[in-house]
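Structures are listed in the sections that come next.
Presented sequentially are two complexes of chain A, the first with chain B as partner and the second with chain C.
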Partner chain A sequence: MSWLIGALIFWALAWGANIWLANGRFRASLSVRIFVPVLFGITILVLWEGVVRAFEVSPVILPAPTQVAETFAASTDLLWQDFEQTVLKGALRGYVIGALAAFLTAVAIDRSAFLTRGLLPIGNFVAALPIVGIAPILVSWFGFDWQSKAAVVVVMVFFPILVNAVQGLRETDAQARDLMRTYAAGYTQSLIKLRLPAALPFVFNGLKIAATLALIGAIVAEYFGSPTRGMGFRISTGVGSLSIDLVWAEIAVAAMAGSALYGAIALIEKRVTFWHPSQRT
Partner chain B sequence: MRSVLPVLTVLLVIVGVWWASVAPMNIRVALDMAERGGAEVIPEGALPRREVSVWRLMADNPSHIAAGYTLDRPRLPTPTQVAGELWNTTGAMVERGRAFSRRSLIYHGWITLRSTLWGFLLGTTLGIVGAIAIVYSRVAQMSLLPWAIISQTVPIVALAPMIIVLSNQVGIEGRGVPKAIISAYLCYFPVLVGMVAGLRAPSLSQLDLLKTYSATGLQSFLKLRLPSSVPFLFTSLKVGIAAALVGTIVGELPTGAISGLGARILIGDQFGTPLAIWSALFAAAILAGVLVTLLDVVQRVTLSRMGMRP
Partner chain C sequence: MKTTLAASALALMAGGAMAADEVRLQLQWVTQAQFAGYYVALENGYYDAADLDVTILPGGPDIAPPQVLAGGGADAMLNWMPSALAARERGLPVVNIAQPFKSSGLMLTCWKDTGITGPQDFKGRTIGVWFFGNEYPFLSWMSQEGIPTDGGEDGVTVLKQGFNVDPLLQRQADCISTMTYNEYWQVIDAGVSPDELVTFRYEEQGVATLEDGIYVLEENLEDPAFVDKMTRFVAASMEGWKWAEANPEEAAMIVLDYDQTGAQTEQHQLRMMGEVAKLTAGSNGALDPADYQRTVDTLLAGGSDPVITAAPEGAWTSVITDAALN
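So, the complex of A and B:
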């Protein structure tokens, strides 16, 4: 019981500290803005640990964070191998191919107002569909290895990026476009100097949405057959053999990979679209 | 209305491309079947044929191309085959009075829809409560919002098998609850973000005006913040319901469920019946379209009643 009481006391203290910090003098400083959510996250881990230890929850149901951390440290080789298979080979390659294809398609259909009007509603509709369902079909077409995972990812990220890029390319106002015309700029010039930069915030929005989709697609596709490695494979077999701590370690890797990918894109966005109003703080 | 013609054109092109790709996708299977039936095929044997490109195969065996459009287990079915299978498992079942038999997609669609709606309800409630907490409490904003964003980078499907094992161990029977949890997880975030933006939509001068009327906090919430968040809410709800449906289907995929559209896809994969997969996929797409359209109609009606234009 002492574990639970300790965890609850920690919770109360941390919550108090957060209230004090959030209403205190330094609430706008960067260190406080980072410290508060971190402390909140640590509190949840401590509570989880306390509950698991106090009620002696079976590790088959819910392993304690320390146990997950131990498993994580003990099986880094395995986790790296799965990470390489699923994220580096499947998700990232599919993401890059899908993003490039969507972007080129967007530029191509942007020349025709007819196509844009016809494609936007359909693209919006397809982006809302449960596309991961096509995973078994693509696995049967492209085989068990990473190629089929990359194919699922390509299809999943294509439409969100396409819709956003097309919308972004139409974003400039008539005045700016007319100005370009008075400079005697051709289509290519006004595309590169005016419309592509204006489209960037939208493109990055699509890229950020697609980052999570890419991981989901790569992992789900592995449920329909994969070589004996990969995060989806490990998770489905780990649940079957009740090695839940390994499953949680994989989930931690997936969360870190997802956050890293999202963070990297957000960082590039900040560097590239620093001029956009949404980046002002 | 202006976009009807372009949309129809694009749809027509998609169907055309689909139709045209059926021939190269299915030629190998068609030739295998023809050879087994005793017909002349160039080159003979499935193994040597693997070395030859599909275009070469089609040029050498023009009389067998048509067979690719009528296969029982095609790699790529034709649009009419998918439409026929959809009709056989929905409309035709209704005509025979067996709309809710286990072979009917109406039954499986209903199972999926039920979990989706429960998850949608749960996720929307969570999102709205979270948004209110974030708008009114600085602590909640500083500690919750970063984690809400991080939670979206966790691929939820990684958690799907876990959640189902967990709820089994805790003693929850059936798969409805875990599926609803997964779809709630996927749909709370758009609602949260939209509602935070919506509740903050009133300008400072509007809030100050209410203060001069000596309105209480609750009154300014009910009469100003809540109404002005409605357009934001509906936009989020449309994203959220689509996400909730994806969540339910993903929840049915890796877990050996036996009913629901996701389970139909899984079973179709295990028994090697591509037509079942395709018809379940299209049923899911139609369901998503109907749900989003319904919300769109409700949005238009509500906003015009409130005197706002959507």
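So, the complex of A and C:
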């Protein structure tokens, strides 16, 4: 029981510290803004550890964070191999292919009213396909290795990026377009100088949404047949062999990879769309 | 009003006191003839006669029976011994209390035109293997043959096979895992002639491990009431199995009645029951220590990647079958 009491005391103290910091004099400083959520995360881990130890929860149901950390440290080779297979090969390649395809389609749709009426509904249709339905089909088309995972990712990321890019390309106001016309700018010129920059905030929005989708797609696709590596493979088979600590370690890697990808895109966005009102501080 | 309430409360209490003992059995897979004995015992009233209220919980691709047992979701589970022993070594003390399946129905089914004639021909091939605890027999077989399972010219490339036979039909794999009573017939039903296939039964390769035993948590066996309940459960279940063996067609129809998904077909279940009866034949429910030893030896001979690292202690008990069958 002392574990539970200790965890609860830590919780109360951390809560108090966070309230004090969040209302304190330095609440706007970067270090406090980072410290508060980090402390919150640590509190959850401490509570988890306390509850698991106090109630002696079986490790095949819920392992303690320290046990997960031990497993993580002991199996970095395995985790890296899975990361390479799922994130670097499956998710990222599918993400790049899907994003490029969606972007080019958006420009084509923007160019022609015919395609707007024809292609957008198809994009919509593709987005409505259930992933658990198409994943096994794509596995049987593209094989068990990362290619079929990339294909699932392409299908998943295509629509959010397409819709955002199409919307973004329509974002310029009539005055700006008229101005370009008075400069005698052709379609390509006004696209590159005016409409693409204006579309960027929307495009980045789509890219950010798609970043986490890509990871989910790659992991879920591995449930439907995979070589004997990859995060989805490890998660789905780890449950069967009761290595739940390894499953949690994989989940931690997936969460970190997803956050890192999202963060990287957000950082690029900040650099590229510095002029946009949302980026001004 | 008060008296009616009191009377009904009394009736409830009486009912509670006389109610049959509850048993929840977690199956390894969806409702099918692989579990016919339990459905027959339920349908024919063998459980009722033993004063048991049995709930049969179907499994599926994402249900790990040991986890259900650990979480208190079931009193007993069906499991393959490799998976159960691995769970035991990972700190979930499960104990085999009965073994209705005498023989293993696991095999590898390969295309004959690949020229595979024996295990040594697997080198350089791609083989579909089920995971979720079902990969252990394969891994120990390969390590006994000295074939690595991480691909390459001299090893086999292992695919995580879903629970269908597509990888073989589409030739993404040269061989896949099949059960004599299930997937093998799916390949045949897909229009493949048995002549085009070559099969390797684990039983004949000397690496057969025990399948479909009844397992409970070790700590529960310290409770005499639980032991008594399980004794009646095993006796009634075996009665169901022997009836199913003797009456395969009726047994298959009973299974179909209990299949709430409606996914099973009559033809498939009739055939499955016929094949399953061959596997349960020769077992009266009691675990044969020699079979157990062969399973443990197979698993221990795991080479670089052993399934279990030490011979398990107390992984099975004859207490229940001794009482149930005498």
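Basically, the second predicted complex is superposed on the first by the 263 of 281 C-alpha atoms of A that agree within 3 Å, B and C clash if a C-alpha of one lies under 4 Å from a C-alpha of the other, contacts with A are read in each partner's own complex, and residues count from 1 in each chain.
Following the convention adopted for this analysis, a contact is a pair of C-beta atoms (placed from the backbone, for glycine too) under 8 Å apart; a residue touches a chain by one contact, two chains touch by 3 or more.
What you see is a predicted model, and the numbers here were worked out from it, not measured in a lab.
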Given the touch rule stated above, what does A:Phe233 touch, chain B (first), chain C (second), both, or neither?
-> second
Give one of first, second, both or neither to describe whether A:Ser241 is in contact with chain B, with chain C, with both, or with none.
-> second
Please work out whether A:Ala54 is in contact with chain B alone, chain C alone, both, or neither, and reply first, second, both or neither.
-> neither
Would you check which partner chain A:Leu45 touches, where first means chain B only, second means chain C only, and both and neither mean what they say?
-> neither
Please work out whether A:Phe224 is in contact with chain B alone, chain C alone, both, or neither, and reply first, second, both or neither.
-> both
Based on the superposed arrangement, let me know which partner A:Gly143 touches: chain B (first), chain C (second), both, or neither?
-> second
Examine A:Val36 and indicate which partner it touches, taking first as chain B and second as chain C; both and neither are also allowed.
-> first
Residue contacts on chain A - larger count, chain B or chain C | B
Just which bits of chain A does chain B share with chain C as contact spots?
-> 58, 60-61, 136, 140, 224, 236, 239
Would you mind writing out the residues of chain A in touch with chain C in their complex?
-> 58-61, 136, 140, 143-144, 222, 224-228, 233, 236-237, 239-243
Contacts from chain B onto chain A in the complex sit at residues 2-3, 5-11, 14, 75, 138-139, 141-147, 150, 152-159, 161-162, 165-166, 169-170, 239, 242, 245-246, 249-250, 253-254, 261-262, 265-266, 268-269, 274, 277-278, 280-281, 284-285, 288-289, 292
Residues of chain C that touch chain A when the two form their complex = 62, 64, 66-67, 70-71, 83, 86-87, 90-92, 131-135, 149-150, 157-162, 166-167, 170, 172
List of chain A residues in touch with chain B within their complex | 15, 18-19, 21-23, 27, 32-33, 36-37, 39-41, 58, 60-62, 114-122, 125, 128-130, 132-137, 139-141, 211-212, 215-216, 219-220, 223-224, 231-232, 235-236, 239, 244, 247-248, 250-251, 254-255, 258-259, 261-262
